[in-house]
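Mind looking over this structure? Questions follow.
Naming follows writing order (A, B, C, D and E), and every chain is counted from residue 1.
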């Protein structure tokens, strides 16, 4: 994932322009319709948005979920059916939006960030979830291949809890809650990755660990950038409901807001931990270098003078007439005396180093 | 203790679902009942929540304390008896919550973090204390083996101070005050650990001290994450009492709020101190390396030229016909002259190093 | 681009003094007039500001765009024609202003920063865009050679969207939106530059990469300083419209405000990333140094004692009468024994280093 | 001074418990009474708090100053005489409080931090000053041996300025002003300590300077922690006087508030300066290491090849039958040629190093 | 300039005491009187404050400027003439005040910081400008030798702009504007100093550059500390004019406030840049060390084994009876074979280093 993940129209484009990326979507687009009252429940796939027109005037809650990369035509038809604002539809196409909750009279447009982990690695992808909610409908957009809302649809189908008895605002809550809570397994996985890395850093710091540390930091940066505004979004939904969200559901939104705070707390702790790990890494590396240099110093400073001494007696001053021409070489105990000298130098150095606490 | 300490239900679970961790609790669950008025006092253990029903309608203050890992069944029964909100009960099960004070009409739900130190080491564990308080009752939940509320129960039993004359809100204060004040011995212990480490860092920096520094920093991070919101909780209890907390007790809550601020001040100071210690460590290590390198340089740069000189006169140029074949070897004073040369080089270097202030 | 980019009059100059930089402008000054109603559209170049007087009293929207370094005379004439405040006109001349929106009764004066990238390099220049807007007119100033507002003029000419049906406030929005959105391609380019640099830093850290890192950081600093207040400007336009901006256009300004937030989010992420890159750089360099030192240590500490040994047996103790004069040299197996000794030292060291995990 | 300087009761103690530290105070407790009106003035020492009862009902301002470690009994008696709140009295005993101003109806309880320097060293101790003020009395507590309020008592005695004409709130101001202004000489002394250290750091960085830097940083941390809330206290006294502080004295409290801001400005500047000094230290040390390594490199890399060359001609290949057995040794100009070779290597290296700008 | 630049009275001094520093002022004190209406203009020097009494009751605007270190007597006389508050006069004497705007009923007391650069060096001095303003008068105090207000006096004398038509509040604006704008040339000079340093840091990092970097950082710290509150002062003058500043002048104060923001933006950018420069410095130094170590390693690791080999054949094993006594020395091709061996070792190492990418 690159750093710049936002799609945008060329500057100067007319606002509300719906203009696809031009590429064919990676995955075929799917439209699921779910329509329910307390007593009835219908769900089926739609071929075109038009097919849902029959459900709109009824007294039921209608939920259209669009899975995959929505192209301009579908958006235009849905916009016409539900009266969605062109600026909001433009934000669905120009994915990579910051989470936000915009209030268009009679409607709420919510953008959330859905963190998705790859199977094995600590990489995290962020998918943009876009939600329109009115008095009696929810329209949701999620790119990618797999529909994340299976559990909510099952609760609707099986009439679990009070979800069928409440309105579109409660359905919105159920969808948001699911997406927010997806943050917990992601952070659990990241927490374990940090703990693994910590152990490695203290044990055997190396360029591989450094590389992984950098990737983790990068991941945390992206996660933080996308999840931080989520907190604000939930806060604005709790406080300023614009009439769409009923008072009886405030307690649920508050609970969900709590979860976003817990997630941000964890993200901040991880960030601090990762910063701390770099310090640990640098300190470890620096200490090891120090240790190695100490040994080198000691071995070198011991042998350099000794080597000098043996070099002296390897000189070839040979004037047989001169008593000054290396008489030591001809002493009876010359050789053992040199060894004694060298042992004395060796011992003296050991004592010196020990007194300096280098050994 | 890992970084991710939050329990959570699978995303998409219906809100208010009470679903235990599945594992049998580590410690057997205990329920203590304490019931008192200014004149009467009863306390005994309960086998099931049902047994306390007789005390509820009376005019006394009823305090149920649940010690240990509460399982779903007990929570459901207590919820039914006292009318506790399912979302709050879910937070009791999904431990690792952030401290908070939630206002459910007629009731207050307070979550606090209880810092507990292990006997010998500077490790700190955080236990989640959950408190429900109504007009005439308090229900408290504390995991772990030991009941921390002995001192409060003794004050109730022995009628110390005004605790028996006041309502459930004062009992709540007494419990919160105890848990907040437990932070002082914990921070005292951590302060001593930092001072010990500081001494070691300046004296003999090593990987062991670095390891302990990292652990302390990690502990401070966790402590800070859990105690920081505690301040906010007390602040909200002081300011926005939702009718549960009587005006006459505000001064006590304010005093307790002061303590949370003092604790956060200490935590922040410790954090800065720990950051400072890493700098001290790195500076010490770097200075020592510098010192060692200096000695190596001096010894090496003194002996390297000397060794070169003796190497020169160890060469075997032996052409007896050439006056150029190392005539020095045959000079009368050749050997002493070499020594003089070497002493001159040695002395010159010492002077040079001293002028450079390397010695 | 230097760090100090602000033009200013000598301290103590009378406020509202219009005094050009004295130098002839780099590019010839151009004045474009665009005048339109829903049904009519006129555009042509102006030789002097006076020529536009005929359009002012009409019921149309008049847009004067001044491209290039405006000198004092033109500003004075435009000021007289549209009643522009001298303090605001002074800010047009003293370019390098911080983005702001000042409310002069009946008029709004908006300063924006227009980021422009050079063709190939990740350098960014910031041009100051100054905008005056009244009920029925817009006067815009942009230095530099090329008019950036081609796309808006085309939309006006071709009657795209609702731009011709709305007032001067919508035209202002269209101009601001274009300039704000120019930030996206600039940030996309910078994001790619960071990713390239990241790869280089991990792969082959060198002074060249460090130099580029420093330039990127400097660019981000300048970009941040100029774009950060842009957010505030849009926010003030959304909230406090001073009557110039009609209610029906608030939704557009809000959309534009969203874009400024997204841009700042990216800028902050990049800043963190660049800080992270420096750590990566330092860690890489420090690790490499460590590796090299290790190899040096091992080779040196292995050969230094061996060289000492061969030095010993290069000594010339030759007293034929002494049994102490290096008898080893005359042993039958002397030479192979020395080799054995050296192999033993060599092997012992390898074992020692491996146990220390230095190898 | 340790990091944890707060006294506290065991968690779970009843609030308002007055329980001394158990140890006998270091200094004998002293009680000074000062009682004055515009025309009268009395001062004498008290043996017990009871002795001041006669002054309470009169129309004069009564100031009781308690110097030394107040034990529980004295506090209880003073509490009974002046109606002081037990929670506030508890804060007097549990010293190490954060500066604060608590409003108990009819009374104000103010805690301030009094910075005291030791004679010679840049160590700073913080003494807790506790002040109770009512309509017609002030009760002040200061631990330690010496009464800091001599100058105020002299102004009262000598009727300097308007102090005798005004109420207890002005006396409170005079006491607070004195304690706040004591910060200036302390900061002046610390500023000089930093300047001295700065000079030493740039001149001769060593472990001693590092040690002093660490101590200064630690002192600044403690000073900052205690003086920062002082600002808030003065601010709350300026704004929210709870009726105790008369309007005519607001201008004096504002002046005092200004001083707390100036002190915090200095504290923050010093903190930044100390951080900067560590960078200077590390940079100096690192630069010096670099310099030393450069010299080592040059000397070593020059002599290592030369030593190799002389080693070559120290070999003993002596087969007299082989023309390949080191014929150079027998050349007529062999020895001078070797010297020429070595000079060439030496010169070549000098040129190489100069071109690399290492020399 | 030291870090502690504040003058203060001994703690406990009565508030409003005017007590000079005791030393004779460096420069002789000068008093300038300027008195004007739209039609009249008078200016002359004053020997004593008393001389201006004649101008006070008239309908003109009277401006007294005191240049130099004001001693207590002059202040007392001016205080009596214009009714200035003793606390404010004390702040004039105790120079080194933080910029502020205090509202004394009927009067405004403004303190500003006037940055002054020395001629050649990037050192900045801060002079305290004190201003009293009432309905019809301004009294200004500026220490130092040179009067900075020449340009304003010239505008008054020459009737430039509207300055003569407006009141004392506009004169105040003109003085403040001049002092604030003096920040631009100072910052321009600092910006150039940073750019110069940057070039030097990348090119030839050394202790001299480090020293200058430290001085620049120190200068920025002082500049920031004094200019930061200036912003607040202007903001308070824009918003809360206390009746002294007329509505028609708000637009001018807002313009001046804009300038303080631009100045702070630059100060913050410079601070970041200076921090960045230290990183550049450390990275450069660390990279250079790395480079030098690499060369050392390569030369040393190549020659150490070679020197060992030649050492081997310099041994004197001479037992003529033993076939084991260094038979190589007597081989026909012994010497060339050793050269071949050494070339092989040399080549092998080059290949190894190249593969490791160390060469």
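The definition used in the following text is that contacts are C-beta pairs under 8 Å (C-beta built on N, C-alpha and C of every residue); 3 or more make two chains touch, one makes a residue touch a chain.
All values derive from a computational prediction rather than experimental measurement.
Counted as hops between touching chains, the shortest connection from chain A to chain D is 2.
Looking at chain D and chain E, not one chain touches each of them. Between the CA-based centres of chain B and chain D the separation comes to 25 Å, rounded to the whole angstrom. We define each chain's centre as the mean of its Cα atoms; on that basis chain C and chain D are separated by 40 Å. Shown for chain B are the residues in touch with two or more other chains, namely 282, 286, 289, 293, 296, 300, 304, 307, 311, 314-316, 326. Contacts between chains close into a ring here, every chain touching precisely two others. All chains join into a single ring; listed from chain B onward through chain D, they run B, D, E, C, A. Taken in their complex, chain D has these residues touching chain E: 149-152, 155, 160-161, 163, 177-179, 181-182, 184-185, 187-188, 191-192, 194-195, 198, 202, 251-252, 254-255, 258, 261-262, 265-266, 268-270, 272-273, 276, 279-280, 282-284, 286-287, 289-290, 293-294, 296-297, 300-301, 304-305, 307-308, 311-312, 314-319, 321-322, 324-326, 358. The touching residues of chain E, counted against chain D in their complex, run 2-4, 6, 8-17, 85, 87, 97-98, 100, 102, 104, 205-207, 210-211, 214, 217-218, 221-222, 225, 278, 281-282, 285-286, 288-289, 292-293, 295-296, 299-300, 303-304, 306-307, 310-311, 313-316, 326, 329-336, 338.
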